[in-house]
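What follows is a set of notes on a single structure, which appears directly below.
Labels for the chains are A, B and C, by order of writing; each one numbers its residues from 1.
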Amino acid sequence: MAIKKIESKDEFKSFVEKIEKGRDYKRPLAFGICRIDRGQKNREKVLQAIYPFVNWNENFGSAAVFIEALRESGENIDFTSSEQLFDITDAFIINAISAFNPYLDEAKGDAHKNVQVLKELAKIVECEDLDDSFRILFLFKDDAPQCVESVYIKLYALSLGKAELRSVNLNGAFGILHNVAWFGNEPFELDWLRENEIELKLNGAYPEIESVDKFPRYLQHIIPADNTRILDSAKVRMGAQLHPGTTVMPGASYINFNAGTTGAVMVEGRISSSAIVGSGSDVGGGASILGVLSGTNGNPVSIGENVLLGANSVTGIPLGDGCIVDAGIAILEGTKVAISRAELEKIKEVNPFWDVNIEDENIFKGVELAGKNGIHFRQNSMTGQIMAMRSRREVKLNVELH
Amino acid sequence: MAIKKIESKDEFKSFVEKIEKGRDYKRPLAFGICRIDRGQKNREKVLQAIYPFVNWNENFGSAAVFIEALRESGENIDFTSSEQLFDITDAFIINAISAFNPYLDEAKGDAHKNVQVLKELAKIVECEDLDDSFRILFLFKDDAPQCVESVYIKLYALSLGKAELRSVNLNGAFGILHNVAWFGNEPFELDWLRENEIELKLNGAYPEIESVDKFPRYLQHIIPADNTRILDSAKVRMGAQLHPGTTVMPGASYINFNAGTTGAVMVEGRISSSAIVGSGSDVGGGASILGVLSGTNGNPVSIGENVLLGANSVTGIPLGDGCIVDAGIAILEGTKVAISRAELEKIKEVNPFWDVNIEDENIFKGVELAGKNGIHFRQNSMTGQIMAMRSRREVKLNVELH
Amino acid sequence: MAIKKIESKDEFKSFVEKIEKGRDYKRPLAFGICRIDRGQKNREKVLQAIYPFVNWNENFGSAAVFIEALRESGENIDFTSSEQLFDITDAFIINAISAFNPYLDEAKGDAHKNVQVLKELAKIVECEDLDDSFRILFLFKDDAPQCVESVYIKLYALSLGKAELRSVNLNGAFGILHNVAWFGNEPFELDWLRENEIELKLNGAYPEIESVDKFPRYLQHIIPADNTRILDSAKVRMGAQLHPGTTVMPGASYINFNAGTTGAVMVEGRISSSAIVGSGSDVGGGASILGVLSGTNGNPVSIGENVLLGANSVTGIPLGDGCIVDAGIAILEGTKVAISRAELEKIKEVNPFWDVNIEDENIFKGVELAGKNGIHFRQNSMTGQIMAMRSRREVKLNVELH
């Protein structure tokens, strides 16, 4: 069977509608065509999936075409499963190209990225074998990923900002990805290196391995916004999300997967997995924002807008807007923090919904101050006491809430 | 017109003298020939300027020759402007070679670097087109830079140690440089990557981007002294200055542009833009020296000689010689520091010009101790109080001052 | 002279026995064949030695064959010296191949690595000159190394886990290794770069230098275990030892040579030269473990099992098992630490051999708590006092000791 060449955009629309009305048909949550890197020793091992374009809750017409092109190529799609993965074949390409015919010419620049992917595949297939190197993945539900391609499409969705941080199911991802040696964007099986170590070394051909990890780096797959800067690719893992305007310095910074920024942020410290930092904030040199696996009792830390985390500070609680943590101090869930009556009154002003008793001397545990706006955490240098006051940073309260 | 071949060094001298006596002639503050990397999409965008040799307040004879060679090639030089930039042409090369004729043979090794540059250009032009890839820049005043080549020559002057840190006008440099993806010393426009992402990725040819930044790294342009070590090129930005004997470890260190060392220094922490560290000092693991943009109220921090900044300490005030900041503590402008009478007397001995009242208990703000010698900053582990005493580190006082 | 082809494994055994019984013969502590990188300018300078396989207190049969093959090729071996180094020649290869004849076929995979090295050399010699690129080193005593090849074999022994950390004599190693620019696993003399800077830069061929150091990186020479992860190759120096299961994150971490882990450890901080961390421990983000050159009075720091060093903490004393150092605090030899009677009693339970007087209030110097199990170091956030209590982490006491 084959899809017959579609001659107009109207015909294309009817074609898609008909597919989408099909019995059992289900629009995918996400889909994409990827190039895969296979194991050097064990070709069945997929070491990496490279997506030139990821669809996340969008482009359902293209999804319908791809699904139909697969069916016409003899594949069955199970819409009840959470994900479905297929090899790209010549037949699939021919079928999909026939369907996309009205869009082939205008597919360039930012327009019709899926068609562009298809056109490039058609070019490749003219010159060489597809060589089992290309696959198409559909996610129908955001269940725990079942294959490498699925983990990658989710990491892409996070890093491209198409899915919100913490919103994607990555359970078991570490078990699915292989630990490999990365060299020039290419993953190598460690066992292959072992097997070829003698030959490579004696011939001066041993590769210059940049990392050994299950994850690639963000910059191996993602093109950041024009005003985003990452001064060292090692500092941002694939799956991190950097809002445009974010700068990541090379000192002691690190942004793990499923962590990042939701506005322009200066990052000179660590944003652990699950931590999120808001617009205008500054993660000072060596500052640590703890993650769910590192001292927050499993509570993910969100840092609000316009917050300053001083150099070498440690933050284990969520902070609201306009907060300051002074250089070198640690505010954890159990840290006791003293606040005077006058300062607590000022802090309350920028936290109108905080139901707090105000005493002459107020001692809070860190966790009790979680998410509050406008707090400046300090250590009294004469007494060593950790205390808090109203920060001098502006807190913009949502007027509609008052 | 053309410069006629000069046959002797005497003739060369007269030739230069005549040029320098010309009406309006002005010796340039700096000049150099550079290779430029142009945008892949927009060839008018200069992404990087690579100087094989930079002249900074020196080699005025070569400057005169280059200026004359430009004029003979039909260019006008405006000596009243702060900077002048010209494309290198075949005519320029021929003219300059004619003038430098008496030096052509001996231009090798450390001798006559400008002539060596010219000879190499002559070699290139024999085999291929110059291809708009080479330019010559003159700085007549240290005004705010007007072009990428000008920013680069100033960064070179700093990194080569030809200009003192903080002495060069880099106002607006961030606005002039383009934010690009760096891959193997080559800058790529992000837009070009976007336009070619699909093709590059599907063909397994996506470049391994090492950083996305306006600045390159120091080691992309600068050859350090034999006894200088930089264990990770990401840790030193172009425009930093490393005195011979400096070692930069790869943990949490970073040296920004317009920052660095004026003697052999062990760097395991951060030297922010505008900060300077003196000979024999040790910036401990994770130690932060704040910059004018990060908590010093705009006051640049100089650290004296033979100073120890402990691991994970934070310093926001200038320090004199022989100081110690203990591991893990932060000394900022507002930090209150207690000093006993006995210790203050000892500290005063190594700060003979410090006009200070000595009480039984003395409390200073950090800023009041700025630049003082021989202070050991500590936190009393029983009371949490930040205190200072005379450090055990030697302070060499300039005898002539006593 | 030549070694005659050995036809059986029995004959091989007799051959080895005869060699080992020879007058003055001494089994080497270590030996290996390496490829060397020579200086670009000064070919006599060895910049790096690459060992495809290192023998450390093992494979004495192969050693005997290699020694005999050298003697048959006209070399004299001085068994009284601490190390002996020879060029690999065609004659050596032919002799050794003759001796290893019974093992040639089965030398593959994990079997007979020395024979595999030899077979690869025989392959190379068929196609091209050996070009003075290969050498064989024997260590007869662990004295201070005398040559680059000797330093490297010792670094390999540490990094491969064949020698225990701190057990190898590396005195003077810094004086033997050359400071070079590393580019794609290849070391370059800085002087060669200087000499070729103009040509390289003008032709757009200047190499992308990754580091300037005497040491290469661990991953340039060592293939880690399948469950070991190193997210940034710059973070682990050659000569470090990583026990399988160790993860090194890219934030503020660093593991120097002669330092590392003896079990699965999460490393997000610095392990200075001479420091060792035990199984199940966690070196938090930015945590510093001081080395003998950085504040421990020359006492190397061992961290026990199941220890947590909090983010940005600093540890300058050895710790036993199950300890915690809270985020942001520094415990050095001189740090005073208060422990209540109740807590000290609980701590003593997991340190049965600690002969300590228990008072109502106990003040210890850090050094007095060195190596003790189950201590949680904290700073009281109300008083600034550094105090300790029994940690909640399990301490497994060796039952046989009770």
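Basically, a contact is a pair of C-beta atoms (placed from the backbone, for glycine too) under 8 Å apart; a residue touches a chain by one contact, two chains touch by 3 or more.
Here the structure is a predicted model, which means the values were calculated and not measured.
Using only the C-alpha atoms, find the rotation that maps chain A onto chain C and quote its angle between 0 and 180 degrees, to the nearest 5.
120
Since chain B and chain C are copies that touch, is their contact same (over half of the numbers shared) or different (under half)?
Chain B vs chain C: different; shared/all numbers falls short of half.
Suppose each chain is reduced to the average of its Cα coordinates; what separation in Å results between chain B and chain C?
Roughly 36 Å separates the two chain centres.
Which parts of chain B, given as residue numbers and ranges, touch two or more other chains?
Each of 210, 234, 251-252, 286, 312, 328-329, 379-380, 383-385 in chain B touches at least two other chains.
Along chain C, where are the residues that touch chain A in the complex?
Chain C reaches chain A through residues 35, 37, 50-53, 109, 113, 116-117, 120-121, 124, 133-134, 184-186, 210, 219-220, 223-234, 249-252, 268, 284-286, 310-312, 326-329, 379-385.
Along chain B, where are the residues that touch chain A in the complex?
Chain B reaches chain A through residues 179, 181, 190-191, 193-195, 197-199, 201-204, 206-214, 234-235, 237, 251-254, 270, 272, 286, 288, 290, 294-295, 312-314, 316, 328-330, 332, 335-338, 363, 379-380, 383-386.
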